[in-house]
Amino acid sequence: MKNFLALLAALGLGVLIILSLQNNTLFNEYGEDVTGRDSEEYGDREYGEENPASGPANIVTSIVADFRSFDTLGEITVLFVSSLGVALLLGGTKQKRLDLGFHPNFMLRIGSKALFGIILMTGVYVTIHGHLTPGGGFPGGAMIASSMLLLYLADDTFRAKIKGFKILESVAGSLYVLIGIAGLFFADYFLENFLNNGVVGDLLSAGIIPLIYVLIGLKVGSEISGVIDNFLTEEVV
Amino acid sequence: MSAILLIAVPLLAAFISILVKKVSPYLLLLVSLFALVYPFFMDMSDVIIGGFDSPIGINLVVNKFALTSLIAVNGLFFLVVAVNIAQYKKLSSILLVALAGLNGLLLTGDLFNLFVFIEISGIAAYLITTTNKKPLQTFNYLVAGTVGSSLYLLGLIILYNMSGTLNMADMATFVEGNGMYTLFPFLLMFIGLGVEAKLLPFNSWVKGILGHSNNLSGAMIASVYATAIALVFGKLLAGVFQIEGTLALIIALVLGITILAGEAMAYASTKAREILLYSSIAQAGIVILLFTVGLGAWATFFAIANGVSKFILFGVVNRLTEEVGSDEMDQLKGSFVNNKLIGVSFTVAALSILGLPLFFGFVVKMNSLIGFFEPDFVSNLPGGNFIFPIIILVASVIEGVYFVKLLTKLWYKDSDVKVNFTPLFKYVVVVLAVALIVFGLFQGEVEELVASLINPGGVFIWN
Amino acid sequence: MELSIEIFILATLAFGLMAYVIGRLHKQLGSIMTILGSLTIFGGIAYLGFTGGLTGETAYLTFTQFEISEFGLFFAIIVSFVFAMVSFFNPFFIKQYKYPALYSMLFMFSLAGAIGVFFSSNLLYLFFFFEFVVWTSLFLIPMGRSKKAASWYYGFSAAGSFMLLFAILMIYNANNGSFHISGIGSVTGTTQIIVFIFMSGAAFTKLGAFPLHIWLPKVLTNAPDPVSAVFSGGLEKLGAFVALLAIVNMGGIGFIIPSIDMYFGQMIIATLGALTIVFGTLMAIRQDDAKKLLAYSSMSNGGYILVGFSMLTSQGVAGGLYHIVAHAIASTAAFLAIAAVARVAGTTKMKELGGIIHKMPVTYMVYLIAIISMAGIPPMGGFISKWMIFQAVIDKGMIFIAIATVFGSIGSFLYVFRPLAALFLGQELPQFKKTVKEAPFFMLLPMIILSLLSVYTGVLPGVIIDFINKIFVDMQLNYNIVMNGFAIEGYTSGIEGVGPSLLNPLLIACVFGVGVFVAFLIFIVLKKSKKIDLMDTYTAGNFVYTEEHLHYSVDFYAPLERLYEKYIHIMKNFYKSLANKVREFGAFMKYFFFTNKPEITVFWIVALMVFLLWGDVL
Amino acid sequence: MLQFAAIILLMLGLYGLLTQRNVIKIIISLNILEIGLNLFIISVGYFEGGLAPIFTSETPANPNFVDPLPQALVLTAIVIGVGTTALGLALARKIYQKYGTLNLDEMGEN
């Protein structure tokens, strides 16, 4: 009964929202183009152009890591603080692996290690090419972390060196902020792209953006790996 | 000097602090002191980030309102941290992030950026409340908070679809002509923020969090966070939202019920912490109400006065609870007989909340009420001119009765409760109580300060 | 010599702080500071007030404005006098308090607040001082017997002062943003009605008038004994002050009721005043606690003030003002007398007391004079004021109000006699034979002064009547009371012209004095009674062993009480159930919103959005 | 249509939050809600016939890109969602340690 009422309420609300949005003349279901929106200006360059206002060929990247880079800084902070929180909640002084209840055979161990390398490399590739192709630091970092997850799942004795992750996380984050502050001092604004933008479409272009994306990739990778480690270990009682 | 450092420095410190655990508490103290002092040296301007002008990039708005809020929130934050950090060293990094998040909330001029900072400070808040050792309550808080911020984001995206901008100032100009169509997204955003700001139907998390709070989490959530969220709410209500028609009706309803029910619930409680938490629900309602009807400047000071008082109240009660082992009023009775200094400060804070003369609360409450009766004042809410003052006054009466009950119990009963307060805590509490009195005495100066915040129309100077 | 009133306020505050500092070092010295302080303040205000040397200029408290008005002066002198008299008791009671130094400080602070109220010409700061008095006196109360009285006091006081605030803000709104006190008279229309209702509400709460009286008996019973005297004689008069502002300025409100030629507003106030008299009297009759009894008598006397004011004629308003003086003096004296008894006997329950007169004859005399004045019997001050009020009511032809006032007077005979009989007279109880002795000189002094003043105001009303005339002029009222030698000759009111001759108190006093003398002679000459021991009796052939059943006060007015026993708690129950309703509402909301389930929030969000969109879409 | 599908997903999340009593299921509901939200955000930026907002050598002269801003926003929203989920799961583990169950009804008065 309660479930039914809840269903009714949720459905009713959904229908009402849809109706109200349809009635709303200002709300466009699909627009014609970006005219009239702020994002009009984001795509203001051409392929192969030299030294444009913002460098990346991938416009989304130019928003994430350049125009609205501040959001991204906040975003990695969210991830940072939640990984800290997970460590605070689950971590302890002495940790041991969670017993998964199976022992991997030789094939699984070796195979997963081989796969680990491939996934890691893909992650690194995606990260480095973030300003040219779909992808970037976040998916790249997640891929790096997933390669870690693979090792954790495939091998019941594996434990990564958490300390190393921590250093990586900290250094990457600090560098991000420092790059921002460097922008404040070397140029005029925080997080300003003070390097040469190069040619749209080149690997070595877009100034600090690839740099930031690599840092993000490292940070996201190490943070998610840390979270995974925390979930797959338990405190020694 | 650029306002951005208020966010960047705590973040940098947070990233570094996980490597140097030993010194991180000192780092935290240092940075929060920096954040307290820094606003005094800031210029009023729009701060551009990344070198892109405001609708394209993100900007920080530094106006008088932001400065006032920053000084108040960072000041409270510093005191809370200074008093408690010895006990909660593990949380240093998280508190640093929280500081960055709060400063970001108060400074940002971009609606989506605001969402990011809500999440940062929100997640930091969830983690601060895990020190209560009540994971289920924290989980409730997390669910409520996440749903709230999701609603905020949904509303924001619908607005973006209509207006094509995320910048607060641009949004405000867009909204001005299209009040009718923005009703629904505003409601979504209002509810989303309402969850954090403890407005009534959306605040079931409060009891679990503050009802079991400790020294750190109680003061942090009830004082620092409450002040910050209220001020952010005010920023949106005064600068972006257009309240009229059905939305105004609903908001009026929600606020009225929040205030009265909050006081009634506090009246019905017998536990000291519950009394305080329900009272802070009502106070939050009053602050948002003042912002909504258009008395922003005094609402700002209302929020600040309330934050200072709640710092003292929650700090003292939590310490007492820790020692006595229960926060039932009858168990705590007579606690102040042996702690007169703390008791006097507690009384000052309580009387200030009640709005009795000589204390800051009086100046604030009185001027807010006068605001309702200014001859040229027109409320944004239906019946705002006369009904809401009555609601506030009725609420004050109920509030007075239970606070007086609490105070007489704590002062006049005989008991042998002996609680040791750390000297630092004593100093801080006394200094804050003295500040409440000083601000209460020099109301002319306070009024000038407030007058500099408003223009004749009663809305903030936005730049 | 000229002095600004703010000097007095600041000096009072300074005395309070000094009393605190000294009180921390030595309890009694601190309380002696309160004597010095309040005497200085009273002396200064009275002297400068009569010589016209008070000014309202502000040099330090520049945020507010003061104006020296005759009625402010009137109240300030009375209240500071009451404080000065009561302060003599402080050194003897200071040891009983939990926080002696704080007591001395708050005692002075509430005096400062009261003076501020009377002289503020800025309504907002009038409220400021009003609230200041509330919270300073608030913390005096729980030093007495019960801690609960404080929250009752605060609840009602806050309700009262917030009503005042609302009225003030309405005035502010109507007068284009001016807080000047003259604005009270210039509001019109609906605003005027609202202002009138709320201001009267404030006056009623402070005065403890029906139906907002519940706090008064609780506080007066449970507060420390000197504080009860302060409340009854002094702070309660703040209510009278507000009543004066509200009723006399705006009493002519609403439509005119043709049959009695009075405004509706007047009618309501008069009726409620009469109810206050009746209710207070009925409640006083059945009390066993002497303080509680006096508390209800205080309440009923407040009713007289209201009835007097509501008449809006020369004698009515003058009677009300006179009653303020008379009652302040008498009730302070009565409370002090009871306090003196309580100090040595340790209780104020009549059941447990008796025969105190043998040890405390002077206190007995003081109490006797005080109750004679309160009951309105010549030759005391209460007689003159009650007489004037009574005549004013009769003049207006308000028969029911007149009956109520007469009933109140007769009721006073009944109840004030009871402590006299039960507490002072009768058999001397064995347990008090050794412990009880007459109060020390410094406690007797203020009591004797008060008694003498009671007689003085009852015999020679000239000074006060002159003062009242000055108030009429000052408030621009068209009233006048004409004095001819020692007699109150008549009055002029705008329409009525010179009325009939009123009364000659000196003559009455002389006649009364002769009567008393004759009675005394008879008593001396024909004295045939002898002293016997309490247990020297028997009933139904048996000796009596339980003293209690022989006590005067047990079921003193039992037959009378039985008549209305069932109805006495109506108002109290109303407020109790109101408080319970609030609590239930709170508990209900708590259950509804705070059951610790994560889905509650979501549910409300969904519900609210459906609610909004329902109206929006369909 | 896409937007309405997203809203249905959102409502599904709300329905889950209303009815589920298991901590993990509540987190899943929260995730569904967030996915619905993310979908909605993306849909706001979509134009019929719009191109992916990446400059390549084959991009025409005046390209009609879809709105890139919502895509950037959604990236942020997703990461934030991940953070919250991680925290929620960690809390769930804590809750399990404390109460020995994940069902809210079986936890007693808490």
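For clarity, chains are labelled A, B, C and D in written order, and residue numbers in each chain start from 1.
What we mean here is this: a residue touches a chain if its C-beta (ideal position, glycine included) is under 8 Å from a C-beta of that chain, and two chains touch if they have at least 3 such contacts.
Note that the structure is a prediction, hence the values are computed from the model and not measured.
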Report summary line: Closest to the centroid of all CA atoms, by its own CA mean, is chain B
Report summary line: Of C-D and B-D, the pair joined by more C-beta contact pairs is B-D
Report summary line: The distance between the C-alpha centres of chain C and chain D, rounded to whole Å, is 68
Report task. Between chain B and chain D, tell me the centre distance in angstrom, where each centre is the average of that chain's C-alpha atoms. Result -> 29
Query raised in the report: Using mean CA coordinates as chain centres, what's the chain A-chain B distance in Å?
Result: 32
Query - Chain centre separation (chain B, chain C; CA means) in Å - result: 43
Requested in this report: For chain C, write out the residues touching at least two other chains, lowest number first.
Outcome: 596-598, 602-603, 605-607, 609, 613, 616
Report summary line: Multi-chain touching residues of chain B, meaning two or more other chains, are 112, 116, 119, 123, 126-127, 130, 135-137, 139, 143, 147, 158, 160-161, 166, 184
Report summary line: The positions of chain A in contact with two or more other chains are 9-10, 13, 17, 20-21, 34, 37-39, 42, 68, 71, 74-75, 78, 81-82, 85, 89
Query raised in the report: For the complex, which residues does chain A have touching chain C?
Result: 9-10, 12-13, 16-17, 19-20, 23
Report task. Over in the complex, which chain B residues touch chain A? Could you list them? Result -> 2, 4-5, 8, 11-12, 14-16, 18-19, 47-52, 55-58, 90-91, 93-94, 97, 100-101, 104, 112-113, 116-117, 119-120, 123-124, 126-127, 130, 135, 158, 160-162, 164-167, 170, 178, 181, 184
Query raised in the report: Tell me, which parts of chain A touch chain D in their complex?
Result: 2-3, 6-7, 9-11, 13-14, 17-18, 21, 29-34, 37-39, 42-43, 45-48, 57-60, 63-64, 68, 71-72, 74-76, 78-79, 81-83, 85-86, 89-90, 132-134, 138, 200-201, 220, 224, 227, 230-231
Report summary line: Within the complex, chain A is touched by chain D residues 3-4, 7-8, 10-12, 14-15, 18-19, 45-48, 50, 52-57, 59, 61, 63-65, 67-69, 71-73, 75-76, 78-80, 82-84, 86-87, 89-91, 93-94
**Report entry** Of chain A, residues touching chain B in the complex
**Finding:** 17, 20-21, 24-28, 34, 36-39, 41-42, 66-71, 73-75, 77-78, 80-82, 84-85, 88-89, 166-167, 169-170, 173-174, 176-178, 180-181, 183-184, 187-193
